[in-house]
Amino acid sequence: MMLHTINKSPFERNALKSCLEHVTEGAAVLLIEDGVYGAMKGTHFTSQVEKAMAKVHVYALRQDIEARGIQDKILDGVGLVDYGGFVDLVAEHSPVIAWL
Amino acid sequence: MMLHTINKSPFERNALKSCLEHVTEGAAVLLIEDGVYGAMKGTHFTSQVEKAMAKVHVYALRQDIEARGIQDKILDGVGLVDYGGFVDLVAEHSPVIAWL
Amino acid sequence: MKFAVLVNEGPYTHQASDTAYHFTKAALGKGHDIVRVFFYHDGVYNATRLATPPRDDRDVVKRWSTLAQQYRLDLVVCVAAAERRGIVDLDEAKRHGLDDDNVAPGFRISGLGQLIEASIKADRVVVFGD
Amino acid sequence: MKFAVLVNEGPYTHQASDTAYHFTKAALGKGHDIVRVFFYHDGVYNATRLATPPRDDRDVVKRWSTLAQQYRLDLVVCVAAAERRGIVDLDEAKRHGLDDDNVAPGFRISGLGQLIEASIKADRVVVFGD
Amino acid sequence: MYVNRKAPHGTIYAFESLEVVLIGAAFNQDVSAVFLDDGVYQLVKNQDTRGIETKNFSRTYRALADYDVDKIYLERGSLEARGLTEADLLVPVQILSAQELAQRMAEQDVILSF
Amino acid sequence: MYVNRKAPHGTIYAFESLEVVLIGAAFNQDVSAVFLDDGVYQLVKNQDTRGIETKNFSRTYRALADYDVDKIYLERGSLEARGLTEADLLVPVQILSAQELAQRMAEQDVILSF
C-alpha cells in the first residue's frame, strides 16, 4: 500500500488536493512541514480531508504541528507521528510518493 | 495606480486568485514567468481573468509566453509587453507589488 | 526614473533571477537609474564566482558581474543571508576564520539597511522571487 | 530495511533539508540502512563548508557532516547541479581552473547515475523538496 | 508596507521578512505589516519549534510594538478560511476586509513582499 | 516512475527531471514518466526560449522514444483544465484518468518527484 507525503499548505498550493484525487483505498497520507495545516479542523479545506479519511489513513508529523502552534486544532482521527513514526510509515508502505 | 506582478501558475498557487481579490479599479496586472498561463483562453481559470478584465488592465510578458509555446492561445484583450514594456509599466504605476 | 531591484531567489532554480536581470538591463537601456540591486534569501547565490554552468547555457553570475561593470551597478548581497548560505568575501572569510572566499566581481556584501536605504532613495522598488 | 534519500532543496530557505536530516537520523537510530543521501537541484547547497550560521541557530551543513562521520553515510552531490551553483571539490576546481573549492567534509561530488543506482539498491526512496 | 503571504517554518521567508520589518522601523520609516493568505499563520500563538530544532522567532512579533510598528493589518477572509480567530493570535492586529486592504496597499510608496 | 507536476521554465525542476529520466533509461530501468497538473505544460509544442535566453530543452522530450522510454502517461483532467488537447503536445502520450493513474502509481517500486 502507498504512502503519500505532502509538505505544502492546502491554501497556497494544489498538492494536497491533487494527492487526494490520486489515492487508492487504504493508502496512507502523511502531512509534514507546512502540509500539517491540512490537518486542522474548522478550515475551508477540512471537509475535503474528512471525506478522504473514509478512504485513506491520514497522519501528521507532531513536531511540525507544534512548531506551528496548532496542536489544539487537529482533526479527530488524524494519526500523530514523530520522525521515528515517519520512518515506520515508510518501512510499512511502498511505494512512497512526495507531492512536491 | 498600482501595478501587480504575478509569476506563478494559477493552477499551482493561489497568487493570481489572491491578487484579483485585492485590485482596485483601473490597476494594472502583469503576468510574468509561469504567471503567463493565467492569460490563456479556454482554461478553468479563464473566466476569472475575463471577469477581472472589466475592472483592471491585464498584461503578459511576450518572452515568457513564447518560451511556453502558448502564443496562439492568449485571451483577447491581454496586452503583450516585452522587458522594455515591463519597465514602462513600472515607471507609469505606483506602488508595485509582487504576489510571491 | 530611479529603480531599486530586490532579488529573492538564486540562479537557475527559479526564473526570478533571470527576469530581474532582463528587467534591470532593459531599464538601464531606457536610461533609467538603478539605485541598487539587493540580493536577499537564496538570492545571495547569484554572487558566487565558483559556478561553471554548461557552455550551451547562460552564465547568470557572470551576466550580473558584466552588467555591474558596464553600468557601475551597485550589487549588494545581504550579509546575514550570505553567512548562512556560504557566500563570503575576503573580509568575511577572515572574520570567520574560513580558508576561502567565493564572491564574484562586482558584488559587495553588506547589511539589510542597504535594502531599506535603496527603497527610500528609489522612485520604484521591484521585487523578484518565488 | 534499506532507504535512499533524495534532497532537492538547500539549507534554511526550505524546511525540506531539515526534515530529510531528521528522517535520516531517525531511520539510522532505528537500525535501518541508508544506502545514500543524494543532493540534487538546490540541494547541493547543503554541501558548502563556507556557511557560518548564527550561533543560536542550527548548522545544517555541519549536522550532515557529523552524521556522515558517525554512520559512514554516503552523501553524494550531483555534479551537474553543483557546477551550475558553485559547489566544487578540489578535483572540480582544478578541472575548471577555479582558485578555490568549498565542499564540506563528508560530501562527495558525483553523477546522476548515483541516484539511479541508489534507487535500485534501496527498498524505499524518500524524496524531500519544495 | 511589508506583505506577508507565506506560512512560517516551511520556508525562511517569514523569518527574514520580520528582520526587514525591524530594520525598516529602525530607519524611522512609517512601517506597516500586512498578513494575508498563509501569512496569517505567522501570528498564531503557542508555536514551539523545539521539535524541528529551528529558532522560534514567533516571539519577536511581540517586540514589534517596542519598535513602534503598530500598523499590523490582517485580512479577515484569510483568518476565517483557516478556522482561526483573533484569540488565536500573538499580537493585537487591525482586521481589514479584502477591499479595505486593497485600498491601504494602493496608498503606499513602497511594497516589499517575500 | 518519474512524476512531473511543475511547469517548465519558471523553475528548473522540469529540466533536471528530464535529465534523470534519460539517465534512468540508460541504466535499463523500466522507466515511465507521468505528467499531471502543471507538468502537462512541459509537453506543449512551439516552445521558443530565445526571448528568455535559456535552453530550449522541450525538444529533448522527442528523444525519449530513442531511449526506449515509451511509457509516457498524461492525465486527462489536467490537460482539460488547462484548455489543452493531445494535438498541442510534442510527443504521443497515453492519456489516463485520475483513477487509472492512481492505479499505475500504486504498482511502482520507486516514484521520484521533483
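Lettered A, B, C, D, E and F in written order, each chain numbered from 1.
The definition used in the following text is that contacts are C-beta pairs under 8 Å (C-beta built on N, C-alpha and C of every residue); 3 or more make two chains touch, one makes a residue touch a chain.
Values in this document were obtained by computation on a predicted structure and should not be read as measured data.
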Shared interface partners, meaning chains that touch subunit B and subunit D
A, C, E, F
A student comparing A-D to D-E should find more C-beta pairs in contact for A-D
Would you mind checking which chain's C-alpha centre is most distant from the centre of subunit C?
A
Going by C-alpha centroids, which chain is farthest from subunit F? Tell me that one.
E
Copies subunit C and subunit D touch; is their interface built from the same residue numbers (over half shared) or different ones?
same
Can you work out the whole-Å distance between the CA centroids of subunit C and subunit F?
33
Return the distance between the CA-based centres of subunit E and subunit F, expressed in whole Å.
38
Distance-wise, how many Å sit between the C-alpha centres of subunit C and subunit D, to the nearest whole number?
26
Of all residues in subunit E, the ones touching two or more other chains
6, 9-13, 37, 52, 54, 110-111, 113-114
Contacts with two or more other chains occur in subunit B at residues 7, 11-12, 14, 33-34, 63, 82, 94-96, 98, 100
Identify all positions of subunit D at which a residue touches two or more other chains, and write them in rising order.
8, 12-13, 15, 19, 22, 41, 57, 80, 125, 127, 129
Taking the touch definition from the header, please name the shape of the chain graph: line, ring, star, complete or other.
other
Contacting chain pairs - touch in the sense defined above
A-B, A-D, A-E, A-F, B-C, B-E, B-F, C-D, C-E, C-F, D-E, D-F
Partner subunit B, residues of subunit A touching it in the complex:
11-14
Within the complex, which stretch of subunit D touches subunit C?
10-13, 41-42, 45, 48-54, 57, 61, 80, 83-88, 93, 96, 98, 100-102
Which bits of subunit A are touching subunit D when the two form their complex?
5, 7, 32-34, 63, 82-84, 86-88, 90-91, 94-96, 98, 100
What does subunit D use to touch subunit A in their complex?
1, 3, 8, 15-16, 19, 22-23, 25-27, 29-30, 32, 123-130
Applying the document's contact rule, which stretches of subunit E touch subunit A when the two form their complex?
6-11, 37-38, 41, 44-52, 54, 58, 81-83
